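Each of the next two complexes has subunit A plus one more chain, namely subunit B in the first and subunit C in the second.
And now, the complex of A and B:
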């Protein structure tokens, strides 16, 4: 039995529970015979990949879900071998180039060229083209994006590309302009409520609405997270009645406590304590941007209105630094100290003009 | 001494042969005979053949040889004179005095017991899960030696694989060569595991044996790695016959703290796994976390154990006569600088014994020589570099209370030579600083580390040198800026990182820095990086588990599967819940695939403890520094102070030697 998120996922465009108009549009697009390159974007857990899957099924019918996993080895110009896992059917292929780190350009070029130069041989295929799905497209390096841009024009006749990303801001403009942009917004609360009820029916139990409300309030419109939390909750307390508390993941609680530590004391010794915590979070693979965001939100919820913008300003700045630099801890810590300094000055009513000069 | 005498006659013949290799192999063969060791490595240090005259003379006189120390044995003059010298001159002590019994091992008793327990269980076939043993640990921690000693003790044969020597790089591109090399390895494995009774059958008792893999095939090559993995898997799953247990020895090649290390392991990039040989590349993850593989980790050899072992070696060599032995200080330096690597310690010891020992003057020289052989000089330079930067001395600072009159004078001279910079305009007044005594170009030229590692050292230590949050903020801002400067490619790197980093740090630190007995620590960064790397491989394991289950379920198909980040941030809760309910529901009756790989704890469990006990390692100038802790860090910044401190601690450094 796989996870509920995977098991009760809608398969066709008709099954989709929300964003019905988007589904209708995708459906007519798939049947029009004039299918463009597409870029699905939206927050995580909104249903981008579910919609891509359903669109594929609409395009090619059954057969697209007969999958095999391949491991391919690519040779970089520096003779280094890069392994990538590739999931494919007869009609499509999907890759996650971010798995190859800096060498994503090689993979994009080699793989897409290879697919583009082979014609669809299956005469019964509904479409003459193949589809390449690129996951986590916003983590593609600039090189790879530039390589993709040329390929998209050149091989339009037998290849369509579907990109999936959280936001378009990290994609270069030429790619954005070559794709049909499809935004998949997060579902509304009532839509999420419907889905939760549907899942619990399929799983064979009754979900009290107040419990699902609690879960939804906790999940920020992330449907996947909602269902995962529901499944975990059901496992822990099978009857779901009475007062259920939704346990946050460990790392979130941890981040919140780190935020409290920062507000409680601003000294060099406390900096060392916070550093130990940050190291702990990083060595548990929590993405540094997530750490920064969670701590920042916690702090902002607990400080005076006047210094909130500054805290966020510096969080944004250090996030950029984090992307350019190599040592995440430097930037996280620099931000923590900055917040301490801002908080301390504000707390003691000191003159802020000095700090403002940096803006 | 017995083997030496035994070989006396043969050497007379062999040493006439100018082919050194042959000489040595014969020698060692002769020497090995009584000890019964397996293979010997060829001595890479031919230097010991050209033994300085006095060293050989001292040895000869010690062993009461008839040569009467004919000190004329210049270079490798193969005359009769040489023959009368110590016949073991061409041998490394590491090989010569390799321990043969457990008592001689410098390894902790518990580790030896662990390995012995495993070996007995596997060889006797008592425990069917004892198929592969992996010994890991830094180089020179007696991993292989322990095995050999135990093999002798258990009366077992070691079947060791030694890779074929390929000739140069003539055919790098040809995969055919790779194949044939691996084919040889395969056939070795097959033979070793099946044909174990070639000689044993004749003498009814079946000899006990195990396989030792130290020289692994080139597993950095993806195909070879796959084949190696499948070979190991088939070995483990082999049901018929009596399988031969396999012991794999893997030495860690520690991270060196260069930018590339972080880049490759930053942000979870799968490619990084293939760049280093470690347990995770040598063994497939299903085996590594399976029940057939046991991993035993060797730690660097403890100071006390090492001291004991070296002393024992010296007594073996020189008997009770104290005059020939290196002084206690030399021994301490060797142990200090070896970082728990006993092989390098013994090599250094051997080297120190061939340094001429005559007048007092020469003894000092011996210490200087030791400096250049051991790694001590480097750590000393690093210690002072960090000190110079973090203590931020500026023109006109009051001398430290511990400084001598000479030091004070020197500081004054230095100040006189420093020119004052013009004052900044009023609106920049807050950035005015007195002229620094630190010359950045100087320390850059002398620095033993690159800017990346300097950044880590500064980062690890700066909070204790600052007084308030604003100084911290300026300093950390600078660290962050420097780290983020430059581009993605190596040619876009900022060439002035070192200078900017140092200048920015000096600018941000208070002046003068308050003396609070600050201690300098080594960066925790790499330990955490290692942990993160392990956790990422756990994430990958869980991801594989989730996606294979989803693939098997026809309804669950979806594009993309799980990204690593969503596994980390969203799946943790459900994995924990699963663990809890599974443990309650049934103990192992369910099919193994239902259960998530238990490595998921590496990222899903994160209990919060307010004050965690860090495992920070102090950067020691000397070993004594770390032990008593009273040797605080003040007063060792300037050149004179350094020498004074050094002299105070060990007495092995004279002030006029460091001042250049």
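And now, the complex of A and C:
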């Protein structure tokens, strides 16, 4: 038995429940025969992937859902071996080049050129071209993106590329200008409500509106999370009545606890406690950016209006440093100490901004 | 059968590679065929015209922002010099999608450079081409070549100058090492002026039988910022969208904005209002009670909508810098914030955090 997220995922463009005009657009593009390179972008859980698979189905018919998973080994110029997983059908191929880290350029150059230079052999295929889906395109390195530029123009007759990204900021302009940009916004509250009612109807139970409201408020526009939470709740209390509480993930509670600790006491001893907790979070593979954001949000919701902007300012600054640096814990800790000092200064009514600037 | 079977690639290479013109991107389809076709860049065109008659050509370095016609110019020039039949064996084009480490420069480039140019084949189309006695090596996107690879080129360029000319094409001339740059005559390509861009777009629209209004052309030029390739791609995307619906709908300026990923003015003004910048249409609404919470809520809302942070900041920057009532000090403070945020976003920082940061700082500066 599969999860509801997969079981009730819309398969065709007609089944999609929201962004109807976008679906209509995709449908007409797929049937026009003049299909461009595309770039889908939007927050996670908005339905980018669902729309891409539905578009593929519209393009090629039933063959696209016969998937197989391959592992391929590429050789970098320095003779290192890089392994990548590839999901493919007869008509399309799906890669996540960021798996290969710094060597993603090799994959782009070799794999895409290889596909681009072979023509479709299946004479019954509906389209003459193959589709390459590149996941997490925003984490492609600059080199890899540069390698895509000319390939996209040169092999237009054999190949279409669909990029899937959270944001277009990290894609270089030449790539953006070669694609048709498709923005997939997160669904609105009422749209999410509709989808949840639909899922519960398909699963065979009634969903009380107040429960779904609660779930929606918790999920912040992420449809996938919404349905996962719904399923988890249904498992916990099958009748979904009375007082349902949505269990927050452990790491979120843990982050909130860290936030509370910072506000409660600002001493070197407390910094050590916080440090232990941060290590704990990091060793459980919670991304440092997520940790920082969650703690920051917890803190700003509980402090005085006057210091909120400062806390966010330093959070933003240390976040970028964290990305450039290699040791995440240094920057997390530095930020914690910064916040403590801001808080304390504010608490005792001292204005030590001049001193703090050298910090 | 898998994609990767060797057999299929062989059969494909035997079959002549024919591209259906209907499927070609317009950017390729309407690449200028002769250097007279090139829009704007009068100076460069005038100089290159002379080389057509004199059969003498220096090494060249073309630089300028994307979409100004650098690659088109060099391709058109070599086509005119050699004609279609000699083009294949006289011109080597390498770009960033090919491997271009130092080993390639030493082997492929050097081998091609040292070959004596083959005798001129009789052109099938009956035209007479100048076909001067040298070959051209085009290094496209040369700024993405490594320093070492560029260094290896130095001597090659001099040694084989009598039979080979190099043409380096790049966006940032500063990334080309000085010894290479000094061996070339430099040509700067400027962003297209709106007038010649309009002409070119109109020409393509007529050739493709797409109905465009002046407003659409205006929107195209505005959202592409002097990059003709971008404008043409947007036009093609828009025409695809409009012609694929039944019945075909005319292209509107809003379509172009959506394709270009521009944030609609209404959304932008809503954001500007929350952070305390005066914008038309919002004067009557009172400022929010708790500015921080309002800003945080708005930023969350925007990131849920999926707008890209860079685009949002660019447009906010334009709004603030051209704002009629803010004073110089406020504007320059905002400018600092935008610069910082741009750098951070380039480094891959979290978009939501930095949008919030910019919003808070701008708020602090203008209120």
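By definition in this document, the second predicted complex is superposed on the first by the 352 of 359 C-alpha atoms of A that agree within 3 Å, B and C clash if a C-alpha of one lies under 4 Å from a C-alpha of the other, contacts with A are read in each partner's own complex, and residues count from 1 in each chain.
Convention: contacts are C-beta pairs under 8 Å (C-beta built on N, C-alpha and C of every residue); 3 or more make two chains touch, one makes a residue touch a chain.
Remember, it's a predicted structure, so these values are computed and weren't measured experimentally.
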Room on subunit A for both subunit B and subunit C (clash or fit): fit
Contacts of A:265 with subunit B and subunit C, given as first, second, both or neither: neither
Partner chain(s) touched by A:147 [first = subunit B, second = subunit C, both, neither]: second
Partner chain in contact with A:210 - subunit B first, subunit C second, else both or neither: neither
Vertex subunit A, arms to subunit B and subunit C (CA centres, degrees, nearest 10): 110
Superposed model, subunit A: greater residue contact from subunit B or subunit C: B
Contacts of A:324 with subunit B and subunit C, given as first, second, both or neither: both
Three-chain overlay, closest Cα atoms of subunit B and subunit C, distance in Å: 11
Overlap of the subunit B and subunit C footprints on subunit A, listed as residue numbers: 320, 324
In the complex, subunit A residues that touch subunit C: 24-25, 28-29, 31-32, 34, 36, 41-43, 46, 70, 77, 88, 90, 93, 109, 113-115, 117-119, 121, 130, 143, 146-151, 153-154, 156-157, 167-170, 173-174, 176-178, 180-181, 183-186, 220-221, 289, 293, 296, 300, 305, 308-309, 312-313, 315-317, 319-320, 323-324
Residue numbers on subunit A that touch subunit B, as the complex places them: 1-3, 6-7, 9, 11, 44, 49-50, 52-53, 56, 65, 67, 69, 73, 80-83, 87, 94, 96, 99-103, 133, 135-136, 141, 164, 222, 224-225, 228-229, 231-233, 235-236, 247-251, 253-254, 257, 261, 266-269, 271-273, 276-277, 279-287, 290, 318, 320-322, 324-331, 333-334, 337-338, 340-341, 344
Residue ranges of subunit B touching subunit A (in the complex, touch as defined): 221-222, 259, 262-263, 266-272, 274, 452, 455-456, 459, 463-464, 466-470, 472-473, 476-477, 479-481, 483-486, 488, 524-525, 528-529, 531-532, 535-536, 539, 546, 549-561, 563-566, 568-574, 576-578, 580-581, 594, 602-608, 610-612, 614
Residue ranges of subunit C touching subunit A (in the complex, touch as defined): 1-4, 8-9, 12-13, 15, 17, 19-20, 22-25, 27-28, 66-67, 95-99, 101, 103, 140-141, 144, 224, 227, 229-230, 233-234, 236-237, 240-241, 243-246, 258-261, 290, 292, 296, 300, 303-311, 344-345, 347-354, 356-357, 360-361, 363-364
